[in-house]
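Below, each structure is written out as structure tokens.
Each of the two complexes below includes subunit A, the first together with subunit B, the second together with subunit C.
Then we have the complex of A and B:
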């Protein structure tokens, strides 16, 4: 590769990473004018076309990349996503995801996507196998679990699907982030290195407890909470922090006791409502209670998409599918990239027989999930590092 | 009285005495508090007392954990019933002959079962005579017929014809599936009494049909 070509590709990559799509495409074509047999550049064009929703162009560029180098994994990703988002090309999509799973056998997303392509083509058994394979590779893969929940809904109904939706939700770290957002925790505050140096005021101790919780130092957090409660046993915020610490240890009764006490002092405290709602949602027979708590939470903190998701899930348990659909739609409006809301909305659509809409939500979830993971760039960088053509 | 009993329940938790806790629950139940109300009126305040005692340092961490274990043991006595009560209403459901679309029916049937209906699900590819036979066997007076293709949707009329031919004009026929949702006139043409638009719509329609049938039975008696 010439120095000029290398430099042009580097420019195109830099522009693409910064989202300057038009200039990046121009730089790619400039690179192709020097050497039109570089699979990387074709893959990059495919990615950029996909970003702009130009599916046919993305398919053409990705196909060219694969023709040039059949091991070009980022091109398979772009091609599969383009097929899925274009719609009506499930047979090709199955082939592409299968190829990607061959080229990158440990790539969990390839198996998840392959399962979704199988499901869209009505190969339910093969879809289940693909998601199981994804979970073998990574038991915390939320999207595979969401897909299993949808499959369970189709086969057995909501009562059996809902626990899977909740399990997938628990795998999703954004639920923890919701608690910290409700508590007003700053993201970049580290837990105190030496607890003895934490100041003696309530605010400083609560902040230290929160930072410790975020760092998953539950015992450290408990120590700070105890100091606050020793001075004021009715401190609702400290009680809510204790409830969350217990929740994280799956000590649900202790979490319930602390959050109920907190709410007896401050009836609309969002952090306490969150912990109590989550405890109720995990107990069979308490969906109505969970819904009541999450409705109150939605009134207090309705700007958070996940609050609406939690409410929607409790409504699903009450067979209030239309209301659940509305809550999911609120979540999607607030955060279009919320995979959990997209899958939930797909479930709500399925209960009303709206299969096409359900499929669309699942494909949007795939789009946002791969984007959130930065999967294209991971594959691209790995390919660029190891895929230097002779 | 219940506030006092909530305090008693809390004491039983702290004393690690599940037998006494259950006695409190039974006493409150005997006083007329329904199963669905026990959780809110008794258990929730007792748990709030427990949280308060821990916060105030009246009980230490170990006692709190042990009390929570007793609370767990008592939980099943105060939880609202997860399963809905049996409605006593029997339904027959199935997808029309030559139609193998199962998803919509499966979701609706599971929802109705969960809501306490006795659903006889005949599966897919069901002949009109099979609907009639199961209606006769079970005494069902509501039948849910699903069809996802135009040809099978039109064929639902044969179910109604077979019911009429056998003197079963008292059976309510509810239809579900894309063709009926898209064209309400089609449902009328095949002799349906209503169109199921999905699981929640099925709950509403079946409840209304069951109410109407019960009312007409009372009028007739």
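Then we have the complex of A and C:
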């Protein structure tokens, strides 16, 4: 490879990583003018076209990359995603994900996508196997769990699917972020290195407790909360923080007690409503109360998509599917990239027999999930590091 | 508006079917209704807006190409007639008619003659299509062609001319033939050069004209979809024909509006493609129907209803549905889905009617009652400008971004209920009062001059920044100083600085990926809205006798490139408010206003009454309040029924999911 070609590719890569799509595409074409047999460049174009949702162009470029080098794993990824997102090309999609799963056997997403391609082609058993394989590789893979839940809903009904939806929801790390957003916690505040240096005021201690909770230092957080409660046992915010700390330790009774105490002081405190709602949702027998709590929370903090998701999930449990669908739709309106809401909405559609709309939500969930993962660059970097052509 | 002031003036029948999941028996019911004895015979078709269907020669994957129209065609034609369709497209198979070089199969020709006779016997008309490519029937694959390219090979061209002239000559006095047609989308997509396409089309057209100087000739591909498919711009060629077609192809849908069919962008795509082809020649809305089997039959029917009404409401010269019968596919491992399965029809493989056939019949009956000679569609005074850069190939991204941006602008204008058209850069702006330029990267120098002249003489111009350096003309025309591109933003914030100046704008913060944001300084324009930091978002400027509006961000492209099905309501509201307010002030606003953005409204003016059509792009029930500028005395469904007294300027129209209403309005 000439120095000029290397430099042009490096420029294209840099522009593509920064999302400067137009200039990146131009640089790629410049690189192709020097050497049109570099799979990396074709893979880059495929990725850029995919980012712009130009699927036919992405398919063409990815196919060219694979023709140039059949081991170009980022091109397989781009090709498979382009097939899936374009729709109507499930058979080709199955082949591509099969291939990628062989080239990159530990790539969880390949198995999840393969399962979805199988499901779209009505190969249900193969789909289930693929998702289970994905969960073997990564038990915390939420999308595989959601897909299993959807498959269960189709085959066995909501009663048996609901536990899987709940399990998938619990895998969602963004739910913790919701609590911190409700509490007004700043994202970039580290937990105090030395608790003794934390100021003696209530506000400072509460902030330190929040920072400790975010860092999952539950005992540190408990110390700060205790200091606040020693001064005022009815401090609702501190009680809500304590409830959350208990919730994280799955000490549901204690979490419930603290939340209820906080709400007796401040009946609409969002953090307390959150913890109480989550506890209710997770406790058999109490889950029917969760919806009422989340309705109140939605009134208090309706700008957060996940609040509507929590409400919708509790409504699903009550078999109020139409209302659940409305809540899910509110969540999607607030955050179109909310995978959890998309799958939930798909479930609500399925209960109403609206299969096409359900399939659309599932495909959008896949769309946003794969966009979020940024897998292309991982595969690309590995390929570029090991795939230098002489 | 209260119920008292907005009487629900529409008979229940006009709201479209209460539920689209009509079973197969419904077609019999509707047929029975249509054929029941009545005081005066109901019109069967509308010569000014024929509704038809593609009648494919083969409907089973296992059938061979030589079985061309060997099924019971007379029975099918009778059934097509009973569905109130007045037009049928027939496909000429070259290998069936000329199995050996120069040796024509007389039996095959007679089969075509019989078919045309059956069409004539039913008082229907036929489009006879040459060189359509549908893969299944292999209508262009002559075994003696030796893999020569039938588009460019001189020898094959001569043979094609001979075939065309032979068929046209035989049937030139056949009254059932309404038009001859050349090619279809799949055939023309095989061209890679405009010169080749032009030469082929010219040769075939002249071949027909040598024999038949009377009948219309149809160019069988949509220019908008064709340029997307193969990069060939066929506008010039198409404009030499009497009729063109527009057709939403599966690849175009995947590119422009991949998503649910019964709400959102997909429901506007058919009319967008129709208008994008231009109005130089009358255009038939063709290939109406779904492309995949992953929608229910109810959704299929609802989508088809929207596409059919869209065609009528947006000035098509007719409508043709994409297939009479589903293709019977072979069930084989490993995949049951087959490319041919996407050729879905009005009937299932056994010939049983599907709900979509009921829709087609109902629409055809409605159209038949609409005497288009007595009414004239309200002309469009607003237009979305399609930039010339749209035709640039990669690495320019304009060819990919612009059509989507234009589609979103078109949707926003429709949501503002503007009678809106598409105008291509370089075309005359005469007759327009408002021009919208959505998120264009660059415009030609001549276009800037034309836009300046347009505004100076009283027109309104709305332009959204599309990235890159702004043209120097922006300073004078829009009264803003372009200070550079602030780059990518993740949220759009709007703070209204001048309430009421451009419609009813409201402040909001919305998540939307903006690829660009222009930093602006004032050079005479009034800042109507800013972002959260005070940087101008929307400006208005008086220029000559007209007004210009500059949007600092490419909102149309941002909506198109993010998630058009989940675009923030606030952003959509802002866009349609801007378009609506500016167009209304310029005299290009809605003739009849509507309170529901998802309801499209079209108006035809008549001497004693107007006709209004309302079409819901929503998948749920709604009631649209239509408001005229005069007091409406009464409203009647155009298919008949009771006269409903209104006595107010506004009246309510209940619409089912994707429902449509066609009303005759008499003013006081």
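One rule holds for everything that comes next: the second predicted complex is superposed on the first by the 386 of 390 C-alpha atoms of A that agree within 3 Å, B and C clash if a C-alpha of one lies under 4 Å from a C-alpha of the other, contacts with A are read in each partner's own complex, and residues count from 1 in each chain.
Heads up, the rule we're going with is that contacts are C-beta pairs under 8 Å (C-beta built on N, C-alpha and C of every residue); 3 or more make two chains touch, one makes a residue touch a chain.
Keep in mind that this is a model prediction, so the values were computed, not measured.
By the touch criterion stated above, A:335 is placed in contact with subunit C alone, subunit B being left untouched.
Between subunit B and subunit C, B contacts the larger number of subunit A residues.
Look at A:158: by the touch rule set out above, it reaches subunit B but stays clear of subunit C. By the document's definition of touching, of the two partners only subunit B reaches A:284; subunit C does not. By the touch criterion defined above, A:25 lies against subunit C but remains apart from subunit B after alignment on the C-alpha atoms of chain A. In the superposition on chain A, A:381 makes contact with neither subunit B nor subunit C. By the touch criterion stated above, A:86 is placed in contact with subunit C alone, subunit B being left untouched.
Once the two complexes are overlaid on the shared chain, A:359 sits against subunit C while remaining clear of subunit B. Overlap of the subunit B and subunit C contact sets on subunit A: residues 354-355. Contact residues on subunit A toward subunit C in their complex (touch as defined above): 19, 21-22, 25-26, 28-29, 52-57, 85-88, 90-91, 94, 120-122, 332-336, 354-357, 359-360, 364.
Across the complex, subunit A is touched by residues 250-251, 254-255, 258-261, 291-292, 294-296, 299, 334-337, 342, 394-395, 397, 400-401, 467, 488, 511, 515, 561-563, 565-566, 568-569 of subunit C.
Partner subunit B is touched in their complex by these residues of subunit A: 153-160, 229-230, 233-235, 238-239, 242, 251, 253-254, 256-264, 283-286, 288-289, 319-322, 350-355. Those residues of subunit B that touch subunit A in the complex are listed here as 39-40, 44, 47-48, 50-52, 54-57, 64-65, 68-69, 71-72, 75, 79-82, 103-104, 106-107, 109-111, 113-115, 176-178, 181, 197-201, 203.
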